[in-house]
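Presented sequentially are two complexes of chain A, the first with chain B as partner and the second with chain C.
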Partner chain A sequence: MIDRLLRPSTWFAVLVAIFLLTPILLVVLFSFGKNQLTTFPMGGVTLDWYREVFDWPQFWSALKTTVAVSGTVGLASAITGTLAALGLIKLKEKTAGVAISTLGLPLMLPPLVIGLALLTCYSLIGMPLGRISVILAHLVYTQPFVIAVVHARLRQMDYAAVEAARDCGATPLQAFMTVTLPVARASIIGGALIAMALSLDDFVITFFTLGGGNTLSTLIWGMLRTTIDPTINAVGTVIICLTIGMTAIALWVTRYRG
Partner chain B sequence: MTLSGPTSSGQARKPILRLTGVTKKYGRKIAVKPTDLTIQRGEFFAILGPSGCGKSTLLRMIGGFVKPSGGTIEIDGADVTALSPERRPSNMVFQSYGLFVHMTVRQNVAYGLRIAKVAKSEIDDRVAEVLKLVHLHDFADRDVTRLSGGERQRVALARALVMRPKVLLLDEPLAALDLKLRKAMHAELRDIHHAIGGTFVLVSHDQGEVMSLADRVAVMESGSIVQEGSPRQIYREPATRFISTFIGDANVLSAERKGGVVKLEAGIEFPDEGPDTHVNVIVRPENILIDGDAPMDVSIEGELVDVIFFGSYVQLRFHLDDGTDLIAHTTDETAVCNIEVGHRVKLGWNYDQQRTLDT
Partner chain C sequence: MLKQRQGWLSAAPAIIVFAVLFVAPLSMFFVVSFWQVKLFALVPTFTFANYAKTFQEYSGSLLFTLVIGLTVGFVTTALAFGFAYVIRFRAGKLGPLLLFMALFTLFGGYLVKIYAWKTILGREGILNTALMWVGVIDEPLTMLLYSPFAVIITLVHYLLPLAILPIYGSLIDVDDHALEAARDLGAKRGRVMLGIVLPQARFGVIAAFAMSFLVSAGDYVTPRLVGGTQTSMLGNFIEGQFGLRMNAPLGSAMSFTMLVVCLAIIIGLWFLSRLTSPR
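Up next is the complex of A and B:
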């Protein structure tokens, strides 16, 4: 144990962790600080910034948009992702792998490019910007996650079980509901939660495709342009909690192999 | 019988399963060539062949999992060719079992009856009955993921049997089990077949399994049935050289027939009517006579090069003068004790133990 603590690699890992986590911890810390400026000393602990945020109508409208968008994105990507995975499972593993990589291409593109491309596309087809356009934009990069997760689960499954269900008299729909879905359910829910967390976080693509109004992330950006004020930290902490909560549930759900 | 079809010939048994010209093509590749097959009610029928010969495809077409490219499939007189699996009176035991991993043994077995909306009390009775039949009654409430390979296999069997299929299809059901367990399951499968008297169609690449289970066997090779008959018949009178070596061991001796006389490359001659052509003479190793005083129709000299002890028999390998090897099996160990490796021995066999196949 002591040996392990003394190893240089351990120290390096600790330093990296500190480097990565400190800014996040500072955001949370300063959201409770009395000081107007986000500097030390904090000058005491307060919930004023949260009070201010929660009294601010724009926050609530942004939160509402965020919940509506990421909720819909989660649900929609779960449905389309599962359907896609069901289709892909019929292909050979290699072919399906190629298809999944192709569908996952948006993940490799810079969000800036996706945002710009979508904006151009929307204006070309005359699609008005708003929640719907943001939801569709988010689906572009959240759906591949759901497809990958659900597909991986279905690959592990013995497909003969579905055939056996049919053999025992089940219609294709009955076989899906009683055999495939119970096996894939955890990964579908997990995939949907990851999609929601991704949607919640996104700023760049949302910024390009939202038009008017705000989500939480565009709200923060707007606030940053005027003042750096601890209310930003309060909003930031709300987002951190939502994202970590969602991801934690996703991890917990998908690790359960029922 | 008050009704009889115009073509039925009174005494003839009505087949439970009839395939007529059933074929399967994948693109330009033919997996199953047009095949006719008739299986009688109550038969334990086996389709035997090496992997990739199309036997599984044929079985899956009977079960409704593969759509034939042509031909018709009838079960109990009804054309089922266009029906999906859930509408066929057949049930399948899959090679990988295909168990419902999120259910208990009982739930797995009851699945089909639940789907069919059978009354709860009847489900309980039938499930209990079939679990008893496969010796799983003590495991009923266990999760299938906690079962051993052999137990899982029984669950798959029970799940199919509980549906009381007109035809039970077994797709290499024992392939995943180790040898000892497989042999135990052979005995059990035979007992089950005797007990319920249904029609079983087994697909296997294991000739020992087929010999010990089936009443009748069809041997498949590259997409078509090459011989059909009882296991004994196929062993005794293999139709082709391939079958002779696939089912059991065989010495295949190359020979030439000219004017009613077959001349082996090893130098022996014997009369045999037939066209002038190259032939193979098939002799089973257990029919090779070694250095005995017993009269033999064909005799030849060979040098003993190898002895392998197999327990119930001893395998001897002889080198003939023309370079071919001759394998002999004997259960008589005293016969072997007198010969040492390197010795030249008189070998032979009788005409009724050989089979000459034109090539």
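Up next is the complex of A and C:
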């Protein structure tokens, strides 16, 4: 342990982790600071910024929209993603690999292009903008995560057990509920939580497809352009807690080790 | 055969979502790039005028965007590879902890992260006050925020955890015995890296590079918030076509020009990596 700590290569990784964590920790730290400016010295400790945010009706309506959107996205992508993973496991491994990469393409493109393509398309077919259009837009790039996580879990599973259940007369649904689901449950939940965190985190696609109203991310976008006081830090901390909380639970239930 | 058909049937909802909400809108958006705008309404025609205009008016901005995107892509991929390599092969028991810390920041709020860098790099920001307090500088550094540097560091910070995932994923499968065998036979560290580790991790590395290059080349929020007036990227001009100017066809042509150029660069680098790595 100690000799590994002294290696320069370990120090490199530690520095990278510090680089990744520090900005996020600073936002959380300054959300409790008395000082009007986000800089040292931060003054005393206060909960005033949170009080201000929690007394603000717009915050609650944005939070409500966010919960509705990302909750639906999590559930919907859990369904389409799990069904896809169950289907792809029946195909040849190479075909399944190509299918998974293809369905993951939306993650490679800049969100700006996806958002604008959807906006143009929605307005051409006359689809009204709102929660539904945002949910549909998010679904296309959250389902690949569920597919990848669940498919990876199913690959480790012994498929003979499912076939045995089917041979003994179980319907496909019974076989799924009694054999497959107990094995895959954790990864389905984990995938859905990652999908929710992704949905919550997105700003660009939401901004173009929401129309009116606010989610937490479009709310913070508005604040970034009008205010500079630490209420932004408080809203930011709420977002960080929600996304990181979901990611942490997801990593824990799936026992992610890479 | 029946099993295969059942498989595709079960995957159908996901495929329909992909087709209806990704392939169709993107194809439609591509078609629109050949249309024109008259009196704020879209007119279906077939013209290359939008592409011509993109090259005439925005080629400088495209070039600048590519330089930023390539820099972010290379820096992110290099850091992500170094980090994933250390976690996988050198850090021992510390590895999982460090990986967990990195993945912790995966979705820590895209806008929140950009805002955090704004407060760190600003004139009265955390970095300047800290440096002045230590006594390294007397006057605050003004070139930190609102510069290409600010855009690059913010994007690297945002994309790094996302780039670590595919690279670490490809390093997991590298066979430890092959590495030991190579070392026992006297291979030097660089030779092991070039001959065994890199070829096997190539897919992950290319995926991480392609993702970070494309996403940063298409970003407009980061340059808007931390780039200042001199650092407008193509994304800012694309987004502008959908605000006041209402010129979706031009915005679409600019988007696809950017995508095609970026893809050409990625494919070129892919072939280059195949030429240089031993089989």
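The criterion applied here is as follows: the second predicted complex is superposed on the first by the 245 of 258 C-alpha atoms of A that agree within 3 Å, B and C clash if a C-alpha of one lies under 4 Å from a C-alpha of the other, contacts with A are read in each partner's own complex, and residues count from 1 in each chain.
Assume contacts are C-beta pairs under 8 Å (C-beta built on N, C-alpha and C of every residue); 3 or more make two chains touch, one makes a residue touch a chain.
Because the structure is predicted, anything quoted here is derived from the model rather than measured.
When the shared chain is aligned, no partner comes close enough to touch A:Val98: not chain B, not chain C. Within the superposed three-chain model, A:Leu200 lies in touch with chain C and out of touch with chain B [touch as defined at top].
Judged by the touch definition given at the top, the superposed model places A:Leu26 against chain C, while chain B stays out of reach.
More residues of chain A are in touch with C than with the other of chain B and chain C.
In the superposition on chain A, A:Asp158 contacts chain B only, with no contact to chain C. In the superposition on chain A, A:Leu47 makes contact with neither chain B nor chain C.
By the document's definition of touching, of the two partners only chain C reaches A:Leu109; chain B does not. In the superposition on the C-alpha atoms of chain A, the part of chain A touched by chain B in one complex and by chain C in the other spans residues 258.
Chain contact summary for the complex, chain A toward chain C: residues 1, 4-5, 7, 9-10, 12-14, 16-17, 19-21, 23-24, 26-27, 30, 37-40, 79-81, 83-84, 86-91, 99, 102-103, 105-114, 116-121, 124, 136-137, 139-140, 143, 147, 194, 197-198, 200-204, 208, 217, 220-221, 224, 232, 236, 239-240, 243-244, 246-248, 251, 256-258. On the side of chain C, the complex with chain A involves touching residues 3-4, 6-15, 17-18, 21-22, 24-26, 28-29, 32, 42, 79, 82-83, 86-88, 90-94, 96, 98-113, 115-117, 119-120, 122, 124-126, 129-130, 133, 157, 160-161, 168-169, 172, 210-211, 214-215, 217-221, 225, 235, 238-239, 242, 248, 251-252, 255, 259.
Against chain A, in their complex, chain B makes its touches with residues 63-65, 84-86, 90-92, 94-102, 111-112, 115-116, 156, 159-160, 163. Taken in their complex, chain A has these residues touching chain B: 157-171, 174, 178-179, 182-183, 258.
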